[in-house]
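By written order: A, B, C, D, E, F, G and H. Residues from 1 in each chain.
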Amino acid sequence: MEQVREGAVDVDGALARLRHMPFEDLGFAKVDHHRALRHGMPEVIFAMGKTPEQVAAIAERLIENAPNMLITRADPATAAYITERIPGAEYFPASRAIRVWGDRTVFGKGKIAVVCAGTSDIPVAEEAQITAEVMGNQVDAIHDIGVAGIHRLMNNRVRLTEARVVVVCAGMEGALPSVVGGLVSCPVIAVPTSVGYGASFHGLAALLGMLNSCASNVTVVNIDNGFGAGYVASLINRI
Amino acid sequence: MEQVREGAVDVDGALARLRHMPFEDLGFAKVDHHRALRHGMPEVIFAMGKTPEQVAAIAERLIENAPNMLITRADPATAAYITERIPGAEYFPASRAIRVWGDRTVFGKGKIAVVCAGTSDIPVAEEAQITAEVMGNQVDAIHDIGVAGIHRLMNNRVRLTEARVVVVCAGMEGALPSVVGGLVSCPVIAVPTSVGYGASFHGLAALLGMLNSCASNVTVVNIDNGFGAGYVASLINRI
Amino acid sequence: MEQVREGAVDVDGALARLRHMPFEDLGFAKVDHHRALRHGMPEVIFAMGKTPEQVAAIAERLIENAPNMLITRADPATAAYITERIPGAEYFPASRAIRVWGDRTVFGKGKIAVVCAGTSDIPVAEEAQITAEVMGNQVDAIHDIGVAGIHRLMNNRVRLTEARVVVVCAGMEGALPSVVGGLVSCPVIAVPTSVGYGASFHGLAALLGMLNSCASNVTVVNIDNGFGAGYVASLINRI
Amino acid sequence: MEQVREGAVDVDGALARLRHMPFEDLGFAKVDHHRALRHGMPEVIFAMGKTPEQVAAIAERLIENAPNMLITRADPATAAYITERIPGAEYFPASRAIRVWGDRTVFGKGKIAVVCAGTSDIPVAEEAQITAEVMGNQVDAIHDIGVAGIHRLMNNRVRLTEARVVVVCAGMEGALPSVVGGLVSCPVIAVPTSVGYGASFHGLAALLGMLNSCASNVTVVNIDNGFGAGYVASLINRI
Amino acid sequence: MEQVREGAVDVDGALARLRHMPFEDLGFAKVDHHRALRHGMPEVIFAMGKTPEQVAAIAERLIENAPNMLITRADPATAAYITERIPGAEYFPASRAIRVWGDRTVFGKGKIAVVCAGTSDIPVAEEAQITAEVMGNQVDAIHDIGVAGIHRLMNNRVRLTEARVVVVCAGMEGALPSVVGGLVSCPVIAVPTSVGYGASFHGLAALLGMLNSCASNVTVVNIDNGFGAGYVASLINRI
Amino acid sequence: MEQVREGAVDVDGALARLRHMPFEDLGFAKVDHHRALRHGMPEVIFAMGKTPEQVAAIAERLIENAPNMLITRADPATAAYITERIPGAEYFPASRAIRVWGDRTVFGKGKIAVVCAGTSDIPVAEEAQITAEVMGNQVDAIHDIGVAGIHRLMNNRVRLTEARVVVVCAGMEGALPSVVGGLVSCPVIAVPTSVGYGASFHGLAALLGMLNSCASNVTVVNIDNGFGAGYVASLINRI
Amino acid sequence: MEQVREGAVDVDGALARLRHMPFEDLGFAKVDHHRALRHGMPEVIFAMGKTPEQVAAIAERLIENAPNMLITRADPATAAYITERIPGAEYFPASRAIRVWGDRTVFGKGKIAVVCAGTSDIPVAEEAQITAEVMGNQVDAIHDIGVAGIHRLMNNRVRLTEARVVVVCAGMEGALPSVVGGLVSCPVIAVPTSVGYGASFHGLAALLGMLNSCASNVTVVNIDNGFGAGYVASLINRI
Amino acid sequence: MEQVREGAVDVDGALARLRHMPFEDLGFAKVDHHRALRHGMPEVIFAMGKTPEQVAAIAERLIENAPNMLITRADPATAAYITERIPGAEYFPASRAIRVWGDRTVFGKGKIAVVCAGTSDIPVAEEAQITAEVMGNQVDAIHDIGVAGIHRLMNNRVRLTEARVVVVCAGMEGALPSVVGGLVSCPVIAVPTSVGYGASFHGLAALLGMLNSCASNVTVVNIDNGFGAGYVASLINRI
């Protein structure tokens, strides 16, 4: 606007620039190059509900402007399609994530612990770990320390207290974040997983448990949303 | 039936006896004197949804045949009405239970631990304790050892392992039974409480958590059903 | 700690031993050899959400220390993979359980009755039966005695009253535990099954019914959790 | 229309008559005198959500054309207002029903049994009984025969089999209709009641249980809808 | 019992007879020959959750004693297995029912109308129709008369009023039973179907709608339970 | 911005004006004078959850710029407080609305029909009517034409077809919008009401029914949201 | 009726004509030629739950009387079957719609904007667009302008304000209709989509969000019901 | 333990110290002085479900060791009881919080923005603000900037981007966190409030919306849990 007053840019031009700059219109998608500018973060594509062709078209635009990219929820067909087309793309079948990790600068000021309650929760924890890593963090992954074997958890207490943020993934009753939350003094991001059966109602039991956590330092993301947890953990670790 | 064959009792008489013996018909209630015979247990009245007069009428019939009686979910009006009419009846306002405890014989072979996660869960724990006591058990009550302060729980570990059955009452995320279940090798009866707000949905979160417990030795009763937990714990402790 | 004071073990060594003893870290799983020590019980693996390779790796570690092992929720691929690798492993397709039953000592003091309401509930009842057997119990299985044909149930009344604990599996309206609970004086463990359609909501109707049972001696486990019911029944039968 | 062709009635007059005949417009209500004509039934007013004045205005119109009238869900204020204004109106506080029962002709061909599981279910059973009576039926009311005391139910088996239709009211787990349904061969109308607490979710558990009944002769009405059950039972008993 | 007194039958023999008569134990199923005796009805098998072999074994026992048999919810594999083994068995693929209809005596005193709201509801209506027919009733089937085209419904008004009972199957908003209920004076049995998408929640919307019907002559069965509706309609039509 | 270029307004001033113009900041509320500009509509305050003082402060600001104002969900205390302070404010106790109706210009091009199924739905219909009137529409209110008495509805068919938009309020099964939707060719706005009990779940049954309407011209607003329906009907009627 | 009075048509003939005219009975379907008459709209078939043969039979009857036809929710098998038989039928795989668009007259008085939040919502938006087009409207489709990138939305503000009605499709949190509703002054029709995972519960989260929109000009249709939104938008645009 | 080896403390004494140090047992509560040690945080009491006497007893113990204390969810009776007994205690009636704020040191490294969507959400925002302040943070409170008036939000964009963490409280559709999340690059903590009616289901709609936020920097706490949001925001701001 200062430029407008100085006459360096005319009004229409300014409006046009404002209109066209922040994203590119592919018709089926508005490709937003803003994130890198705004967040200093890698580009991210949520692949679920998109065709392999749509994912590829978006990815190709994004990778032009960013050294790092993460594609989440990619089924094997999409993964095959992408890894052929995007150089440096690596597929993680358990979490169904695709990662391009060109710039491995560490931005995080401390360590992020990514914890899961059982072996079946590993895919969600992996999504959180991959996300945190591509966002420039050192991750300490601790698996299978559910609350019914409290000695396994207590045995990892030191590693937990050394983290600057803790991500906790748990299905079934989702009790782990409360116990971890009581052991550490940093923020805990709880990820309910859909692991379980019957009255777990695809992760609802774990979700409700975590929302009602009696530990005050716990916040929650959507069921199986390892990405969101890794993302926010990274933001906190950068502060 | 043997008597019928021997002619000592005629068929109609036998039928009449069978019809009239096991319970007494007050019109609005069939007063069942069977429980004492069948279970060797005190008589129990669930007062919710009954008028004070109905509770009193049932209580008066039952107390004729049993030294011990428990009335649960009695509001203060019912409590006042009953304690005036039934000698020896004592009211517990927190749990809204009325107890007549004439015969204090101990039947339980060991100790029942009744544990609760927070101060607000005490009314439910109290109902379990009162029930277990009137059924002839020694109760070790441990309050306010929720999972977010795991040291308070670990500090009571020995008392827990000394119990023959453990009743665990918890609201909010309902995680305590899983942790206790992992610490002890005896059966754990989990009681979700309606303590909490928002996404606790009046105890639903705790209920679902407990049903999905990753500890194998946990079974569950209805929300706020301290009575049921105390009752089953007593049955197990008598075996 | 006594050893520490006596100097027989130095502090670091003690800590190391404490850290390493109770479980073994496979990375994706902490294999816990504690259960046998703690509960005198067979080792158990919950296969759902684990790859056949993960199940096998855990099973191989566990079977070194235990004569008996139970793997639940194993799909046919996992079953084939395991039965090839673990000698003595037997697969039960209806309940999807794999059992190694080396030590057939009877620990249970009485008989456990495992009852189901309909033929479709048999897989869940089978899981309970297999569990109770491998834990050293004599099981009396009674199938297809749902409440709408009350004479079939009444006809088995004697067998029910002879049991020290009763496991009752039922889907649809889940009414059987209440009726059985009224007939016997021992603890009843109710297992809602996902048998039904429409408003059964995959077992929710049966679950809610059982939680609201008017029989005081009923506790409940998760939908289709035959294992949990068999496990707790075994604990009670050992007391 | 025949009259129209014959010229006896002109078109506008016919339309006007058609418009005005079947109901009377009070502005806030269309008072329908059709029911008596159509069903041969007493007039019925559902008072919930209506002011005492509205109920009275409708009742005064209806009672002109019908000897019998039933007002359901009337709170005490409405009841006082109505019983002052409508001669012969009797209030039943437990079920909150008001009844004018001028014509006591019996239309029913047999007996309707109205059964309830517990004393707390009596208000709903009373609504069903009052409805069936005012519709010209002989009612056999049997209270407090819940399934956990199966001998109380079996003891009333003959009375049940003598009925032409059975109405069964039950809260909590709602199991009674299934057992009764198996004992009788006539239609059973199941009424879930809101009696219970916690996971009964105000009658939802009983409702789901009844909808999933394994007895084929059971149909269900809304929670606490004693009126609906009594009404349909009367229709069946008239056939 | 009279025989016992007269000595014609000894006590043990009487007990044995009582025990063995009403059903036959196949291990996985108690085959109940009671229904024919008790209800004068065809035998019925619910095939869902049973193996083809189990269904066949039960069917073979039942068909020995009954001219008519109905097998519901049979998948094509079961249907093929059964129709090969049971002479006279006919499969209806839309409703997945198998029927043996040897005795075609008409027991119903009037006509049963089976109505459905849309073409997609026909499979459920077909199950109701097949059931009512094999139970000896004349059925008038009226399809595709949903409420949004009220003229299609009004056009069939006479056929509806000629029925002695009406079965109404509807998915989506489930409004048809209320409108039909207002048009006829006989009992209406409402069957919610799982037809719909999104907020129909697999028939829940229709179920709730029907339970809250403002027509007093409506009762409800489980979602997609055409069998139950046809069964009760038949009972009513026999009275 | 043109002004900025021309130097008539400096950048900071422009930003300040932009910041301050569209709304006024009361601290607890941003009073938005935009609506009148943007929509040509009366000002509206949703009183629920606000103190009488807060409502009054907002109302006093708004009424300065607008001749018409509507306050919805005002309890009697708020109503008394407001009607004392705001000249011309009229309270409607059934719908709990307060209206200032200074400018009675008719903007609507046709008539809006506001229909309700039962007398108990009138408060919601009244809110819709008051809203539509204050927005400059002629309203035709038709009460108590629920679907179980289809003749009452058919009798009002002409009035319905004369409307340009129809608002339909119904509780219980919420079937009326589907039937009305089939009778008229204009848009129908369906308002589920919380009228009902038991399985109506405070309007959920009606809401789901309306969302699943088989009539294509039906859209839905929140439970009891008469205001929203009247508002959108007014927008459509102005087009 | 006037004709009846004049004797031009006899009563029986008139009744017959009324009965037979408005729809044609195919047995499994009543083909309604009324819509064109009543609504001036294309014929529409909802294919879900119908066999290809049923869809084809209905389509063939309908296309005789109408130049335009829309078949929604057609799976590929049905699409192949129809496009072979119905000349001019075009299949849209993303939205699974089949369209015959013979008469391309524009009836709409303005433009309908069809907006979606993300690329994954395009299939639902496409269904709305196809519907609006075949009903004679000019559609402006704007994709991928979800609220978390508010600049993408603000950039399209002018296009939005130029529309006469806006259809907004969004999954996940379903926030877009509220923001769009605040930007425009015309009616907004919100379509929740099933896009999302975990706590989106197949579109329930978006549905609830839209029903609770704080923008007054928003009404809602069923989850994924692009057709309904396009239909009502067309009705409004015709007014 | 080092002390144990050195003999300075004997084993029993060490155990005793470990047992007694971290908390004090009041019977109904274990008063934990750990938080201050562990988190450097004020003491916090959740008053809901505790008697005024219990709250006071806990508060009196805690305040001995801490300059700052927060009591949440205190009803007026508790507030009166506490403010009389605890010097310096201040009650905030809107949020029902009691605060003792002795030490006003600022620990936070930046500013915490606490935002709410509507005036009715202020009580929850106030709880967050009070919490953040007592934990040593500077808070920028911005009220009433809901998404339907996007200009009010955009107008506060600069204040939002200046914050180090943002807490967003919103009821109804809960859309605000997604829009704010897109505008800022720091972590956003979303608090669903129970503000709304009908299909808001006491905050469930807002909760689900926030869990499904398409903005990646959003985490969620329980409905109305302003305290939890303020607490975690403070932790993040301290890092």
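Keep in mind that, in the parts below, contacts are C-beta pairs under 8 Å (C-beta built on N, C-alpha and C of every residue); 3 or more make two chains touch, one makes a residue touch a chain.
Quick caveat: nothing in here was measured; it's all calculated off a predicted structure.
A.B. asks: If each step moves to a chain the current one touches, what is the fewest number of steps from chain A to chain E?
C.D. replies: Tracing touching chains, the least step count from chain A to chain E comes to 2.
A.B. asks: For chain E, which other chain has the most distant CA centre?
C.D. replies: Greatest centre separation from chain E goes to chain H.
A.B. asks: Counting in whole Å, what is the centre-to-centre distance of chain A and chain G, each centre being its mean C-alpha position?
C.D. replies: Once rounded, the distance between the two centres reads 37 Å.
A.B. asks: Could you grab the centroid distance between chain C and chain H? Build each centroid from C-alpha atoms only and quote it in angstrom.
C.D. replies: 42
A.B. asks: Multi-chain contacts only, two chains or more: what residues does chain F have there?
C.D. replies: Only 118, 149, 198-200, 204, 207, 211-212, 216, 222-223 qualify.
A.B. asks: Under the touch definition given earlier, write down the residues of chain H that touch chain G in their complex.
C.D. replies: 117-118, 146-150, 154, 172-175, 178-179, 181-183, 196, 198-201, 204-206, 208-216
A.B. asks: Which stretch or stretches of chain G touch chain E in the complex?
C.D. replies: For chain G paired with chain E, touching residues are 19, 22-23, 27-30, 32, 34, 46, 48-50, 54, 58, 73, 192, 194, 202-204, 207, 222-225.
A.B. asks: Which residues, counting only chain G, touch chain A once they are in their complex?
C.D. replies: My answer: residues 118-122, 143-145, 149, 151-152, 155, 195, 197-200.
A.B. asks: Which residues, counting only chain H, touch chain A once they are in their complex?
C.D. replies: Its residues touching chain A are 38-40, 44, 109, 164, 185-187, 189, 207, 211-212, 216-223, 227-229, 231-232, 235-236, 239.
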